[in-house]
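The two complexes that follow have subunit A in common; it is paired with subunit B in the first and with subunit C in the second.
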Partner chain A sequence: MAATTVQRPRSRSPLRKHSVPYLHLAPALLAVVLTTVYPLVSALITSFRHWRLNETREAGEFVGLAQYQRVFTDDTFFNSALVTLNFTVISVVLSVGLGLCIALILNNRTRLSALTKALLILPFAVAPALKGFSWRFMLNPDTGVYDKMLDSVLPFADNINWLGDPFWALMVLALTEVWGWAPLIALMLLGGLNSISPEVREAARIDGANAWQQFWRVTFPLLRPLLLIVVFLKAVFSVKIFDQVVTTTGGGPGRATESLNFFAYSQGFTFLDIGYASAVSWVIVLVLGVLAALYLIAMARQEAK
Partner chain B sequence: MTDTATKLAKHPAAIAAPVRRQRRRRGGWAIGRAFLRVLATLAILFFVLFPIFWMALTAFKPARDAFSTAVLFTPTLDNFLAIFGGASDLTGALVNSVLIAVATTIVSIPLALLAAYAFSRYRFPGHRGMLLAIVATQFIPGVAIALPFLTLFRSLGLIDTHLALVVVNLSLVVPYITWLLKGFVDGLPLEIEEAARLDGCTQVNLLWRVITPLAAPGIFVAAVFSFLLSWNEFLFPTFLARTEAETLPVALMTLVMPEGVAWGQMAAAGLLVMAPMLILALLVRKHFAEGMTMGAVK
Partner chain C sequence: MRRTSGTIGKLAAALSAVLALLIGGCASAPSEQDLLEEVATGPTDELGLLTEKPYDGTHIRLLSCCRTTAQFAALQRKTDREFTAKTGITVEWANIPYESYLQKIVAETAIGGGTYDLVVWPDAYGASAKIGLQPLNEVMRRADRSLEEFSPPFQQAARAGDPETVYGIPFRGFSYNLFYRESEYERLGIEPAKTWDEFSAQLDKLDGAGGRDAFAGQYGRNGGQNLYTWMSMLWSNGADVLDDDGQPAFTSPEGIAATEQYLALLRDGHSPAASTNWTETDSTQSFEQGHTNSVLTWAWQMDDFSDPAKVQPKVAEDIGVASLPGWPGKPTVTYGYTWLMGILNTSDNQGAAWEYLKWLTHPDTERDVALDKSEGDTATSVVVHRKNMLDPEVNAANHDLPKLQESALRNGRTVPMTIDWPQIQDVLEVAINQMAHGADIRPKLHEAAAQIRTLTQR
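Here is the complex of A and B:
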């Protein structure tokens, strides 16, 4: 991405020339290092120590990889890893699938579409914590408005206690996320669709391709790099899911919606086991690191085009 | 005259006849498709807007209607009175949210603008690496930042203060708006800067009197995003500020009472959390997609 910056030569003394950009960067760099690198390093160090806040105020002795051994033998950790994986797959598929549908439906110049496009951003601006409460309210099995609508359309839905059932609780959690993300993804994809020149599709149409073929043979391949970026981006934010878990299900029923972030939170904040929580949070850092690398590669490829 | 007109009209029509028949068939399809498209668009509008509409509606419902699906009722301000000085007062949380979001924005804009200017105008060792690092910060899970700060702020006696939240919010906001502002500075013409330099303008003056006014629209967008990110943040205040410096999204939890959720008040508080952000989002909506992907979508 740096390659896109245009650099114009400027005559200046070498020392000044070299120090000036760093002087500009210093304050922001200091803030970012202090608020991201420091905690990451601190958490890494803590993850090798024994430290329960209910026992000591200060960090205890170093225990090597013991915390990590505990992580990988902890069933509740594996449960939350699985919950996070399921949640990520469900919310990525639904968000990107629905986002693509919305984008294709709105990819025209009518006034109604223009209005809808303008409003697409609204759900994303709603605080995720509030999204959780809002959907919990609307899917209340006795009084919720969405519950009543669903019951009238689907008879079998009448007996479903949305947040009391492990499967549906996870689906509701995914839905709170999809509500914000699908429209945003649609906006991103609409940007991509705009950059596909109409001539390409026109050419396909003249060659006798029907709408379905036009989509799969022309639009989709051209949109694929962008779709890949969107999938990774959504996956990263899904792995980080926390807010709605607290406000919608509180991790329940049982541990059915306990995401990794929520698990780390409950270990650290509720059980005050800082050492163990730090090890868990570093496992999350590594998972996200892999996703981040894939995302940056996809982005670099997109830019190389 | 009519004769020639009909002749002229007939002539091309005769040739175009097969084409036109084909078009008419397409026309029938097109109307059907346009109708389906309108239906689908209305469904999208419903999906996007209904939860917002429903919360706004519930906020004004009297207690006895809060659990009904009634759309017609006598509107009341009871729920707002309850959260402003009433039974479940959220005034303090509102003040905290505003203070923290404003302070985060005021601190991060100058830092980010300086950094964005450097990234945009200079090429230096580490340029690309640092830009990548800035994108990478967005992938750090919140707990990995909140936990160390929880123990640090505890030992510094800063737990549950506005300052603590402003500091951790910088981890979200500074990288994000640096990237955003870099895009804006990239788009500023170099000629004005060069002219200012020729007139003997110092670097400080250049940044303050030339770049800042020129980048004002970008700074506004960055300020909106900074405010929005701080305002909606939930994980950091959950870890670091549970009473004194509690922000609105966390304070919503106080409406979950042992006897059940006070949904009317929740809706009123929700409207309070949501409404300013909806307005801000509409103001900067063009920049959302590019902001989220940090420039991947242009």
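Here is the complex of A and C:
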């Protein structure tokens, strides 16, 4: 038997073999580095330096943690943090609550369901800045159409200056957000409701559960993982609120609607204090980081189930 | 294998290219030019333009906003028609929306990219913008131009806080004025008030007259707009925003009295409740739509108020204008608002830029624009040269408003020229807004003063 020589393919070096996937990922990673990591690192470095744009073109001396100390002794920062917290709680509760109600109603299929679902996405598609201008115009106590409608239905609302009263201004801001988000959340929750087997609810009904018990003991527990994700997602977007503050209230009355992002923007682009604005921005990044981490944990737990 | 190597090579090349571009972009820091070296000399025409066209073929860019503003539109059209024909220089006006314009000024003056050659800015930003601007003293002297052509507040704004240096030349400016429905004043037999007490008494009569509110105030937060009337009242009563050391001075008895008088216009029910949140646009629109009998605002608004295409025709035919009221026995001081134009020190075309700046701010160019009423969208009453403000022909074409302004601006002032002004303005406008919503005046003013002291000590 003649000996045959089998030419085995030369194996790639392990380093080269492992590096190929990363090289293919490199363009995307580079984009992330340039647009996210670089600005974050740059802002972090700037947050330790004194830099006012109307004093010098280049960042000034290192000041250690002074800008962060200033953040935590600045009453206007704490006011913004409180405004953002209030806004987040109100807008998350109302958006998710209303979204859930809409989803439950639309879950009963009718001939108009498909059309209604399509229409639901429209408010979310409106640009936040446009949303703000529109609401501001419609709530004008002299000429606003919403103001006139509310005055005719609710007599006590006749003397309310919607954007001039600190409480109502924040509520209006939250409502503009709810108007955009509740329908989107409804669509997300509808997907969740559709994934629940009808047999489960049918079994509960046969066992004698009324409508509320069916919802509370069957539907809600099954929907809870998705609801958790929706809540975190909405909370992250609420903490970021900016456009509508600028276009609806301008942060007023007084400082009643100054959100954290509006505060950071003012420090950087109105007061030109880039060092301080960077420190404020990093505090916001940390807050958002915590929320994002909670969101990812919730996602991971859901996937594990 | 070869294919893998090829892919790696291409990727490496692409990464290198991106990094090179990034490093190159970061490394191209702006460099400052010497304006005097860039400016050519030679024979000039009656507008000061070099007749030998040394910059023929040069293209310059002007950082500006508000293209539809009548004066801006008129100057742009005249540029193409006249300036380019005479000099061979083409000019591009960048039209940045006003809402994002101030940030753009800062980016261009403070960081500088060399994209623009000229920039226009409103007075309050002068102290912050001057870091990126060329001093103009010497080129102005050579061209026989002087800030003496302008009223005191415009001169103050041009110097941006440096008494010895000129950073920009005023090309748009106005006093604060009282606009009113002439027919209501005639019907009630009243003349424009000379004092604030008299004005308040007149508002009692004007309340509800013609089915309108007496007065359209602006107490909302928006770029310091609720300070315009307040500062004029403060100054007219002998008080000040800041003292010579840059410390708060508005808590003096005169300052508190002026603030009380300002808030009384709202608290006494003369201005609609909604005006606690109104900006300048909200209040002037209320007047334009015939909801209010009077408004305090800038003189340029006359261009809109008298244009039946922009306001209700009944309003356009019924506009009266007068200087602001004052305090008995004291000179009335108005806020003189100014837009200035200057040359960016990162520009590569500073000679051509100066040529354009000379022409655009020349009194004769301004006069031509103010007299041209051939097209509605470019008809403007705005003039900033005292010579033109007193010109009978210019006055005849513009409701006699220019001479009213000239008189008002003799005692006019501009905002404090300090780099802390944006923060100070923010503290003050929030305080005014909170007082409009009911906060006690005296403690709120003292609180604002304490905040300003803290921020100026940083």
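In the analysis below, the second predicted complex is superposed on the first by the 288 of 305 C-alpha atoms of A that agree within 3 Å, B and C clash if a C-alpha of one lies under 4 Å from a C-alpha of the other, contacts with A are read in each partner's own complex, and residues count from 1 in each chain.
Basically, contacts are C-beta pairs under 8 Å (C-beta built on N, C-alpha and C of every residue); 3 or more make two chains touch, one makes a residue touch a chain.
If you're wondering where the values come from, they're calculated on a predicted model, not measured in any experiment.
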First, second, both or neither for A:Phe269, with subunit B first and subunit C second: both
First, second, both or neither for A:Met188, with subunit B first and subunit C second: first
Which of subunit B and subunit C A:Glu55 touches, first, second, both or neither: second
Touching partner for A:Ala125 - first (subunit B), second (subunit C), both, neither: first
Which superposed partner A:Thr36 touches (first subunit B, second subunit C, both, neither): first
Which of subunit B and subunit C A:Leu25 touches, first, second, both or neither: first
Subunit A residues touched - subunit C or subunit B, whichever exceeds: B
Set intersection of subunit A contacts, subunit C complex versus subunit B complex: 20, 24, 27, 34, 53, 57, 140, 142-143, 269
Residue numbers on subunit A that touch subunit B, as the complex places them: 1-2, 4-8, 18, 20-22, 24-25, 27-29, 31-32, 34-36, 38-40, 42-43, 46, 53, 57, 59, 102, 105-106, 108, 110, 112-113, 116, 118-131, 133-138, 140, 142-143, 145, 148, 179, 183-184, 187-188, 191-192, 226, 229-230, 233, 236, 239-240, 242-243, 246-247, 260-261, 264-265, 268-269, 274, 277-278, 280-282, 284-285, 288-289, 291-292, 295-296, 299, 302-303
List of subunit B residues in touch with subunit A within their complex: 37-38, 40-41, 44-45, 47-49, 51-52, 54-55, 58, 67-69, 107-108, 110-112, 114-115, 117-124, 127-128, 130-132, 134-152, 154-155, 167-168, 170-171, 174-175, 178, 186, 190, 203, 228, 231-232, 234-235, 238-239, 248-250, 252-253, 261, 263, 266-267, 270, 273-274, 277-278, 280-282, 285, 288-289, 292-293, 295-298
Residue ranges of subunit C touching subunit A (in the complex, touch as defined): 1, 4, 7-8, 11, 14-15, 18, 22, 102-103, 106, 110-112, 127-129, 131, 220-222, 272-274, 276-277, 279, 282, 286, 289, 291, 419, 422-423, 426, 430, 433-434, 436-437, 439
Complex interface listing, subunit A residues touching subunit C: 12, 16, 19-20, 23-24, 26-27, 30, 34, 52-57, 140-143, 159, 161, 163-166, 249-255, 266, 269-272
